[in-house]
Amino acid sequence: MSLWTLQQVAQHKSHSSCWVIIKNKVYDVTEFLPEHPGGAAIILKYGGRDATSAYEPIHPPDALDKNLPASKHLGFLSSESVDTIRQERLKLKKTKDELRVEFARRRMPPLNRILSLPDMENVAGQILSHKALAYYASASDDEMTNSENARAFTRFFFRARVMRPVAQCDPSTTILGFKSSIPIFVSGAALAKLGHPDGELNITRAARKEGIIQMVSSNASFSAADIIGSADHSQTLFFQLYKHRDDDIAEKRVREMENLGYKAIFLTVDAIVAGNRERDIRSPWVLEEQETGPQYFEAGTSDELKDDVNIFGTAGALVANDDRDMTWEKTIPWLRRITRLPIVIKGIQCVEDAVLAAEAKVDGILLSNHGGRQLEYSLPPLEVLHSLRQQRPEVFSKLEVYIDGGVRRGTDVVKAVCLGAKAVGLGRPFLYAQSAYGEPGVSKIIQILRREIVTAMRLVGASTIQDLRPEMVQRVDWHPHVPAKL
Amino acid sequence: MSLWTLQQVAQHKSHSSCWVIIKNKVYDVTEFLPEHPGGAAIILKYGGRDATSAYEPIHPPDALDKNLPASKHLGFLSSESVDTIRQERLKLKKTKDELRVEFARRRMPPLNRILSLPDMENVAGQILSHKALAYYASASDDEMTNSENARAFTRFFFRARVMRPVAQCDPSTTILGFKSSIPIFVSGAALAKLGHPDGELNITRAARKEGIIQMVSSNASFSAADIIGSADHSQTLFFQLYKHRDDDIAEKRVREMENLGYKAIFLTVDAIVAGNRERDIRSPWVLEEQETGPQYFEAGTSDELKDDVNIFGTAGALVANDDRDMTWEKTIPWLRRITRLPIVIKGIQCVEDAVLAAEAKVDGILLSNHGGRQLEYSLPPLEVLHSLRQQRPEVFSKLEVYIDGGVRRGTDVVKAVCLGAKAVGLGRPFLYAQSAYGEPGVSKIIQILRREIVTAMRLVGASTIQDLRPEMVQRVDWHPHVPAKL
Amino acid sequence: MSLWTLQQVAQHKSHSSCWVIIKNKVYDVTEFLPEHPGGAAIILKYGGRDATSAYEPIHPPDALDKNLPASKHLGFLSSESVDTIRQERLKLKKTKDELRVEFARRRMPPLNRILSLPDMENVAGQILSHKALAYYASASDDEMTNSENARAFTRFFFRARVMRPVAQCDPSTTILGFKSSIPIFVSGAALAKLGHPDGELNITRAARKEGIIQMVSSNASFSAADIIGSADHSQTLFFQLYKHRDDDIAEKRVREMENLGYKAIFLTVDAIVAGNRERDIRSPWVLEEQETGPQYFEAGTSDELKDDVNIFGTAGALVANDDRDMTWEKTIPWLRRITRLPIVIKGIQCVEDAVLAAEAKVDGILLSNHGGRQLEYSLPPLEVLHSLRQQRPEVFSKLEVYIDGGVRRGTDVVKAVCLGAKAVGLGRPFLYAQSAYGEPGVSKIIQILRREIVTAMRLVGASTIQDLRPEMVQRVDWHPHVPAKL
Amino acid sequence: MSLWTLQQVAQHKSHSSCWVIIKNKVYDVTEFLPEHPGGAAIILKYGGRDATSAYEPIHPPDALDKNLPASKHLGFLSSESVDTIRQERLKLKKTKDELRVEFARRRMPPLNRILSLPDMENVAGQILSHKALAYYASASDDEMTNSENARAFTRFFFRARVMRPVAQCDPSTTILGFKSSIPIFVSGAALAKLGHPDGELNITRAARKEGIIQMVSSNASFSAADIIGSADHSQTLFFQLYKHRDDDIAEKRVREMENLGYKAIFLTVDAIVAGNRERDIRSPWVLEEQETGPQYFEAGTSDELKDDVNIFGTAGALVANDDRDMTWEKTIPWLRRITRLPIVIKGIQCVEDAVLAAEAKVDGILLSNHGGRQLEYSLPPLEVLHSLRQQRPEVFSKLEVYIDGGVRRGTDVVKAVCLGAKAVGLGRPFLYAQSAYGEPGVSKIIQILRREIVTAMRLVGASTIQDLRPEMVQRVDWHPHVPAKL
């Protein structure tokens, strides 16, 4: 391998020849430009120079090795050039957002003062970079669906039963036959490195300790191999599949996951195109304005600005190659053929499709609208669950039903389980917890949920998950006061 | 033609002789005073002097030529007088509102940062003069109906379908047989010059580029001839008719439009008298108070102030001569007799009248309450559409149904189309877009809507307009959180 | 008659001998103390001194003459004493509230800038003394019922009809056979002198000019004779009767009204005890605190304060002698016996009592909860009207039905008339209008309502009151946005 | 008995030997540590020193005598040591919260300016220590249930009846056969000494004066003996039992209460584990931050903090030994066996359990969710009452039904009684009243409620409790405006 200087690399910053430096290694990405899911433009922006800080938080460490042939690994940077980069980094003035985050991190409360998931979200809202928070928190259009997911829980009250023995109370259950200490699981939470250098690994380690199951996203910022590598061998992990439009590539991916030891495939069907997450898209402009103050434009120039933004932000990049032509007839049999793993459809949004899924004989369905990040005005999953219970209760005996979206309290979990959910997924809360406190933060919110679930079970008169019955929940016809956070 | 001095003109400022100067020409408007739709008082206010700045933004350039006989065009102003006017205009101190607008225009974001129609409305709210914004934004009484039009969309959720092929997605449709690239059209948006010197022409040009149809208002600030003149010959335009109380005048107008090439007549029936738009009426007082500070009045004088305001503001002037005695029996046959064009009734507000329209065999109905500018507490058009679908679904096969009012997002359009609307009209958004960015602004919002519509279609599982079905939409029985703008 | 000095009068300030000075006359009110509807305490507070400023705004000028025998009119104050009083009044420092009112009155907008009843209420809110506003605006407990009365109108939308001839539009109607230019009347609005020295007379004069009927309250600050004296002889006035517990006194009152020329008796049945109007009760404390700043109390003394407030404020005083044992069986026949006038029951609050009233063969009922000033959580009159229309429509053919409470817009009136109300009463708006602008203010709001009513009639497709039908109004099942004022 | 010095006591502050000083007496609590309901940690915190100020407000005066054998009463503190303690207490700087309270107490309004229970709550909110307010006001999770309890009343309106004789109006009733002057009672309000040194005794004395019944909590800050000792011998008191998990201990407690003269047992069934009252738990941290300003933590240390908080705060301590295995089959017969007193089940939360209670032949049920302090999203008691009336009206004839939770106005009481409640309990209002004004405060709010109840009865047309009928109340299908306090 050769050694390169910054001056040499700097020659290569165009479509015809584009090199980048990542962690002091030099790569020729010219041929990769058209294939990059995030588009060529963003790579060219860093062409001919060091791209480490932009690359690292959103790519698995092995991404380059997997996507670039060895011949494009051109070699290392010379030691003087390494020094130059280091010194320039030191000279960089911190941005206002970086200073804000530093200050906020020093004022974080000790972990034992976090009493609830909203507490944790509040801390994360302080200490995350603007960019990370915009990616984690954003949802489609006016973020109505995201808000409605959570608000739906406020319409379901308990018909609590008293005078039942609950001194012993066991909240454990199984998901697809695998043991879970409480009826929750980690639902596809991606790009965890944006919030913490250990990213998804924080979640994997805490999930092991606390005895719950993690569903790992295709878009995790660590590779599926790294994540399962950090897990205990007895630990259960599921894989969230974004199916590639090319069946062969998709098959390779599925087989790889099965070999790695993932125990189920959650096929994502509600994100075939990117949702319109304006907060995420707007994030770089907000930061720019923070640095430079409000901007002035000469009258008449506004319509001459040429380079358009990537209108789908991070989300668009992630789904660019996904299969938009999946069908019940074609896709499920194909998947059955290539894997022995249980199959769960993630993203069912109405009763009709739940019925079709049962007819397609999948093993489970996850009622979900992707945390309100895809179709604005998709029905809240809890409402779909309630309709399914009322209109087609037989579905619950044909497959396992899960929901995610808007779950923040133990009572939320208990309501969903009463209505027939086998388990309940949470996504953003895990991202927030690991961003703020790493692995102990993740453990903390699982412990909080366990305590809240057990308290709610006892107070509704249930000592096991089986005791939680539909008739213990009542959908009210008034509109309860909604806590300020929702 | 003679030349006149300011001193000469200044002699003529009474009911018995009233002259005005418009763009350095002198006109005798004495005999026109009683016919002016806006009333004599407003002309007399400018009698004997230059009226250009008040006249221009709200009249088509050919208005005087069409309404005044040649004998009343008295000639030109002398060059010294022209100079005097120019110099006095230079000496005029800018008003606070003009300064505010100038400042805001310099801070307008570049067009590519406009992500949504609410973004565009927000910019327009900054850069429009108070008077223009008051005219565009105002609605009746407490502006409740206007707000409810938009809020109605928040009660309709999607029952999204997954596992359907949507890689190819075609949002195009036809309106009255004419091609439209997406199921929207420009719904009567008048006085566009208040916001931009090119006014309605901005909309016409962008509509051509983006392949949508413009319905041109009788009250446009350019003449119907100018507007269609600026259009491509293959471009479709419809004409919004405010029927004059004199059938002969009305007939002349309709025939003129047919000859000019307009392709359909939208007969306006919900604005036979002016709505009570208080924000519009109050606008001059607000500006006055801005200039002079709060005013003090001597006790006891308040009831002696004589000259009453034109209580119906701009709106009143526009409908003063309209026909208030239209009937199904009389008016539709009359209109059929005088034109071969398709007829659409604009302003249907309940199921009963939709049925009557079908019986009268018109070609289409536009469910509309005039953007909440006429009858306060008229039902939201989306609710009327939903009731029509539920109670009288056969109407949809007898004529085309459109709605307007409160549409701001692609999901709004898709919901209405699911329920049976052939297309959806928007008014204010076009006025805002052209005011802020001219023609490119108008193109921008059409592109935004196209993107949002296609995304929503794919995520509900539709690859053509025909795939959008009533059962994909569910009216919910709870009250969703309403975004702050509504 | 004798002349008295201040020193002489000052001797008489106890239960055993209590004199007061009113407009320089001296009265012995010792024997009247136990009969005073407002209680003895408030008189004793002014015992032995000049009570003019407290007495005047809330008593008819003839109150003393009617209630005190001639022998208790002790004579006049000596001229030196009159001087002393005048000089002391000049030395009085104005209170903060008086200064605030003076300032606000100088900034009142000219009357032609009042566009709506809420505008008028806003001005009145500025220029009324705290005490007057507290009396006028206050309602029971948390003032919920008052607010709900108005909010009820927001749930009723129009099913507007188009293509109906409305060029001619006549809003006139009759009430109990008497002509009214629009379907509204003045509903018992008392103590008008608190807001303007001409008090109720302002209303009487404007009602004549505008052709509407005034219902005069038993508690008016002018006597029923004065009020009808200021009316045109062709003008219709009704009398609102608070029935005295002593039938003979009540009979005398009714006969007096009939002789004076009042044309109907509105028997008040919803105010047999005073409502709990906390804002009114609290009013003197607020003023005290304004003058002196926040007060400090020595710990422990708080429970030793002895003299309790008159817990029912002004309201309590007014109904102290009212009949709390009225019944359908006893009271209606009694009233029929003693008068030939039509009888209307004011304060019907549910369908059941509307039916009983029809069975008792009264001439009309006023669905009312006393403007929310009596029973908190009494149903909004508009809701009672709607229920009556749905459940017992035959009642409308047996007697005339009116409503009052929460009416602020022409659309409110038109909705009620559609549902079957023969006319709609307003109370507070008349008090506000006369307080701010005297008689012209009252005329103004009637003109505003006329304009709004005619506009709404035309836009719903009605050219006469008879054209307004129940099916033109739809009670919606969602919760419209409520304007900020409600 | 010996005399001890502070130095001697200070040696004993560990698990192996732990002494504390309470009011100058020295106790050896080593063996009691594991039995302390509040946990050992909190005692050890005060081990070896004076614990009086922490001990006093939350323990009955006889708690130590009852729980510690005589041999552990080690004797008195030497007089020098007593002096030392006194001097150190004098040197203690007041906390910001103490200063705030002192200041607020000096600005308390005189009692006669308290017009309503919300007024009283407002004063209490000012003058209570943060810790006391957090204990009194806190409720579970997001305090939604607590808020919903009160909001439920806003959905029930009156169908008021007029023309009924109500001059005589008697609001008295009986509860379990015992006379009550109005249909309210004191519902388990514990730890009253946190707000006032006389604590529950204030309530007992006022209850006697005003003729209402007090239910005394097991967790009162005075002993049950002290409380009944302060009562009149003719006065009725009920006992709220938290059943100990050991039947023998529980039996002893019940028999003791019967002997003391308590007239009924209210068996608490909705608080077998502690609710999650975050405001209460957070209270010490808030105070700490008030004293020291915002705190900074070194990055990385947050997860190393060791001593965890008592996650259930005060509530957890109080129920640690309660019976979590009660059943209808076992517990009710046991209780019947050991006492002749009437049995009421406190904490019924749905219709099904009300029916079971009737089948178990208890004497009464209190529909209650513990003031929203236990299970978040438990149905509002008023809604349960309404459902019971609609679905199982026969239950009302088998036992007495009461409700508590959210009652603040006389109209609330009257609504519940209309629907079938024999009486209505209030808790927090009594704590607030005694905290602010002692016994006269408690009398005051009872008098206010009496006045409000009588006014409401008369205005709905009822002269006795029996006249209040279900059909006088209507649950509305709209959502009334909710006063700011709820």
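The letters A, B, C and D name the chains in turn, as written, and every chain counts its residues from 1.
We take it that a residue touches a chain if its C-beta (ideal position, glycine included) is under 8 Å from a C-beta of that chain, and two chains touch if they have at least 3 such contacts.
Just so we're on the same page, UniProt names per chain: A, B, C, D = L-lactate dehydrogenase (cytochrome).
Everything numeric in this text was worked out from a predicted model, so none of it was measured.
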Partner chains that chain A and chain D have in common: none
Equivalent-chain rotation between chain B and chain A, CA atoms, steps of 5 degrees: 90
Equivalent interface positions on chain C and chain D, same or different at half: different
Approximate Å spacing (C-alpha centroids) for the pair chain B, chain C: 45
For chain A paired with chain C, centre-to-centre distance based on mean C-alpha positions, whole Å: 63
Sites on chain C at which at least two other chains make contact: 477, 479
Contact set on chain B toward chain A in their complex: 105-113, 115-116, 118, 154, 156-167, 409, 411, 415, 437-438, 440-441, 451-452, 455-456, 458-460, 474, 476-481, 483
Touching residues (chain side chain C, partner chain D) in the complex: 141-142, 144, 147-148, 151, 155, 245, 269-270, 272-276, 278, 281-282, 285, 294-299, 301-303, 305, 307-309, 311, 324-328, 331, 345, 347-353, 356, 369, 374-379, 383, 477, 479, 482, 486
